[in-house]
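Chain IDs A, B and C follow the sequence of writing; residue 1 opens each chain.
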Amino acid sequence: MTFMKFATASALAMMVAGAAAAKSDITLAMQLEPPHLDPTSAAAGAIDSVLYSNVFEGLTRFASDGSIIPGLAQSWEISDDGLTYTFKLAEGVSFHDGTSMDAEDVKFSLDRARAEDSANAQKALFGSIAEVEAVDASTVKITLSAPNGSLLFNLAWGDAVIVAPESIENIKQAPVGTGAFKFANWVQGDNITLERNPDYWGTPAKLDKVTFKFISDPTAAFAAVMAEDVDVFAGYPAPENVPQFEADARFQVIVGNTEGETILSTNNKMPPFDNVKVRAALAHAIDRQAIVDGAMFGLGTPIGTHFAPHHPDYVDLTAESAYDPEKAKALLAEAGFGDGFTTTLKLPPPSYARRGGEIIAAQLREVGIQTEITNLEWAQWLEEVFKGKDYGLTIVSHTEPMDIGIYARPDYYFQYDDAEFQAMNTALEAEADVAKRSALLDKMQRKIAGDYVNGYLFQLAIPTIAKAGVRGLWENAPTQANDMTGVYWAE
Amino acid sequence: MSRSLVIGAVLSAVFVLAALVSFVWTPYDVLGLDIPNKLKEPSAAHWLGTDHFGRDIFSMIMVGARTSIAVAIVAVGIGMLLGVPLGLAAAARTGTLLDEVIMRGNDLVFAFPSLLIAIMITAVFGASAVNAIIAIGIFNIPVFARLVRGAALSLWTRDYVLAARVSGKGAARISLEHILPNVTNLLIVQGTIQFSLGILAEAGLSYVGLGAQPPTPSWGRMLAESQTMFSFKPHLAVFPGLAILLTVLGLNLLGDGLRDALDPRLRRAKR
Amino acid sequence: MLRFVARRLVSLLVSLAVASCVIFVFVEVVPGDPAAYMLGLNAQEDTLNALREQLGLNGTLLERYLNWVGGMLRGDFGTSYTYRTPVSEMIGERMWISLPLAIYALTLSTLIAFPAGIWAASQRGSLVDVLVMGFTQLGVAIPNFWFAMLMVLLFAINLRWFSAGGFAGWEAGFGPALKSLTLPAIALALPQASILARVMRSSLLDTLGEDYIRTARAKGLSRRQALWRHALRNALIPVLTIIGLQFSFLMAGAIIIENVFYLPGLGRLVFQSIAARDLIVVESVVMLLVFAVIVVNFLVDVAYALVDPRLRVRA
């Protein structure tokens, strides 16, 4: 999970016919500014929000519905033992600096990402790769050490994009990719500009210029949209304003789903949360709908396990942890906490966490659990909660796609250590058969819901506000990106 | 009694009273949320309306007064407790290294804008009301030290102090027995002004999230949390802001009025 | 005079040295690992270590302090952990917003305060005086961030005269750039103007009560003539002190106001850097702000000594 990926939502349609629009540039605002522009050496989702698919492309890529489609690799073959993948690269692809993109560049990019001294934040994505081989200029062969059902999925991530070896030195300031837009300028603290790449190998972009503007403050975001300083606000941070925008003919509101499971993370090793009855009590003490209404002003789908509801393999388990304060009190009494207890609730900056935290604190107070709320910046949250595991409860949205595997990591910050689940996950990683994968995922979802590992709150829905004339915006956000290659203005 | 003294005293008394009453009674529980009744305009049931969690704004302003006043009073207390002795000592040993060190130390603290101190403290120790108090308190120390030193310097040249020195009293005793009583009026006036500045500072700090933490209501955070809703629910912006404005205004008027009432020289000059 | 300046200069240097130590020690104990922040949740320990080494985070405290101070003396503020650009460049860029904003606000505050204070003093007790004093009371008491929000609500969202925030950039031209600084400057200037107007008024009234003014009046000067010819000049000394002091308040106030208007200035840089644990930037910006305040105070002191030789003895 990439904690910073909470912010962004929308990506954009790729193919739209004939657009002779009056305006050929667009200003898209988002909340977080990238710290630098190398998607392959930081977790900051904001980097992908600007560059993914626009400037950088990988072998495969996410489509709007979350499926995996060809990117720089036009086709691939998988050997029968599932250990060898042979990718056929697109022809005539060149980087923005004019050099051509070939198999050697792919080998360089993947080897760099999985190297010993690599600073890639998602190094684990490449863990199963044993060797990358440039067979000829347009053929790449990847050999695995063990079968991996999600390799194509892994290669679609922003952390696995293909970079130009000559540009590595300056990639953090001047990224050079193969995409339909090239990087033009960065005014730190304010905006990044991309320009259309006239020599793009695929369908060219419709816009000449895209400006990404960074507005972190929700109030400033509202003012900027209202004053029409920006054309699109992707991942608009204040759901309370959505009705106003909906009522205003100048704007369109797009509410798509995201991969963000928002959960009340629980420190499973810290007493009294090491007692499953206490965790069950926690789950029953929480009124999800009140949180969705109060913190998100109605946006968001309640979830009962760590899985995206729009995914075909999702199982609705919300009934297992239905809101029932009396049952919660009874469970607490059974566990020996009839008089309640006091714990910490550490909240990162996004409003879902800050507001959700206040609501949860009030709900827990009803069943006798007192919480001490601490608001943390992300860096402190990482240090204290994620790394230091010094917390009782916290709220965070896990926005990476298909991340149920984190429950198989006993050292992960919620410290859930269950051999049965770990075995299921190992089986899943090696399984390429769709039906068998579905069955395993079903079992895994039920397992963590039954163990009440965390409080499962809701699937994050982040609205995108756009001017009425903007077309080609993606509805959903299968990965963190603002794909601008298909965006245009209606006449 | 001047008009500003009366208006100031009344305004200040209203908010102090609201804070005191909030310990035993508020119209609604400020910890209980009532999400179905969120964002209600002012009505008979909720005099000042409700916020985004359905909490009663009138009750929150009462409890918020408590937070603001507590933070400001303790911060002024810290400033006086440390600043006054430093000022007295500097005046008693004027021209010595001690004086120089104290005064340069004051300059140094003055060079750090109070908000920067607050940001740095909270960055290390986390945001809380206590850290807000420390940050505002630190900033108050040089204010009182300078004030007391200035006033004490002129008192040291007075005949009765000279008499006390001749009679063999030590500097510390003279400071306590003869100097301190004569600067109390000044301290009361400056204390009132620092108190009002403290309330403003607390509001600013909690507005940027560096003050009292939820669920404790505070005026600055009430404004920060509802800022995105001002455009369609202006009552959320108006009342907490007015509470800050009126309290600070009241204390400033009170300070002015007290100065006029306590300082005969100024009173004469005014006529 | 030279002796005085020299002594003040020495104490200025001592202040700066002490301030740098305080800032460094303070910032260094801030919890939170910049490398962990940059790499996020799935980072592995060896990756983190590699990054820490790259950032120079593994040296001893003293080494890092000397590196930092030594670098600053050469104008090298180090490299930002997060942005990977020289801190001096970042500060330089943001300075072009914060400094003009402070000057703009100071100018506005002076332009409002001088006429208001003089007018009130010259017509003491009149309706004008009462109104000016009433408004300044309000101006001092209003929280400037609240005032800023109300202005955004009115002028940006409802009337749409101004942009709600952000900075047009100097390359967009002087007019648009100044326009985007106008609301923030007003929000910053209002409390300062109120204080200044009150000081102006009371200082004028004080000097008008002095013997030499009485003498001048006795010689047949009208109150108005006495005010403009004699009192104003002498009343300026306390006013200048306040303007000097206000510099530090403007810097502090700007931190909040820059956030309300999302101006990419120094104040926002401090906030962002603390959130990202970009310690080197925090240290440098705080040091720079403190340096500015200390130097301004020094200049005010020297200016005083030039105006009033009696003050030289005090230091």
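We take it that contacts are C-beta pairs under 8 Å (C-beta built on N, C-alpha and C of every residue); 3 or more make two chains touch, one makes a residue touch a chain.
Computed from a predicted model, the values in this text were never measured in an experiment.
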Q | A-C compared against B-C, more contacting pairs | A | A-C
Q | Most centrally placed chain, judged by C-alpha centres | A | C
Q) Among the chains, which has its CA centre at the largest distance from chain C's? A) A
(Q) Centroid of chain A to centroid of chain B, CA atoms only: how many Å? (A) 45
Q) Taking each chain's centre as its mean C-alpha position, how far apart are chain A and chain C in Å? A) 40
Q. When the centre of a chain is set as the mean of its C-alpha atoms, what distance in Å lies between chain B and chain C?
A. 22
Q: Indicate the residues of chain C shared as contacts by at least two other chains.
A: 31, 149, 157, 259, 274
Q: Check each residue of chain B and list the ones that touch at least two other chains.
A: 227, 230-231
Q. Can you list the chain A residues in contact with two or more other chains?
A. 219, 222, 226, 380
Q) Where on chain C is chain B touching in the complex? A) 11, 14-15, 18-19, 22-23, 26-27, 29-31, 137-138, 140-143, 145-146, 149-150, 153, 157, 209, 248-249, 251-253, 255-256, 259, 270-271, 274, 282, 286, 289-290, 293-294, 297
(Q) With touch defined as at the start, can you tell me which chain B residues reach chain C in the complex? (A) 104, 107-108, 110-116, 119-120, 123-124, 196, 200, 203-204, 207-208, 220, 223, 227, 230-231, 234, 237, 241, 244-246, 248-249, 252-253, 269
Q) In their complex, what parts of chain A are in touch with chain C? A) 1-4, 35-36, 41-44, 116-124, 172-173, 187-190, 213, 215-217, 219-220, 222-224, 226-227, 229, 349, 377-380, 382-384, 386-387
Q. Which residues of chain B touch chain A in their complex?
A. 31-33, 35, 38, 52-53, 126-127, 209, 213-215, 227-232
(Q) Show me the residue ranges of chain C that touch chain A in the complex, using the header's touch definition. (A) 31-34, 36-44, 46-47, 50-51, 82-85, 90, 93-94, 149, 152, 156-157, 160, 163-167, 169, 259-262, 264, 268-269, 272, 274-277
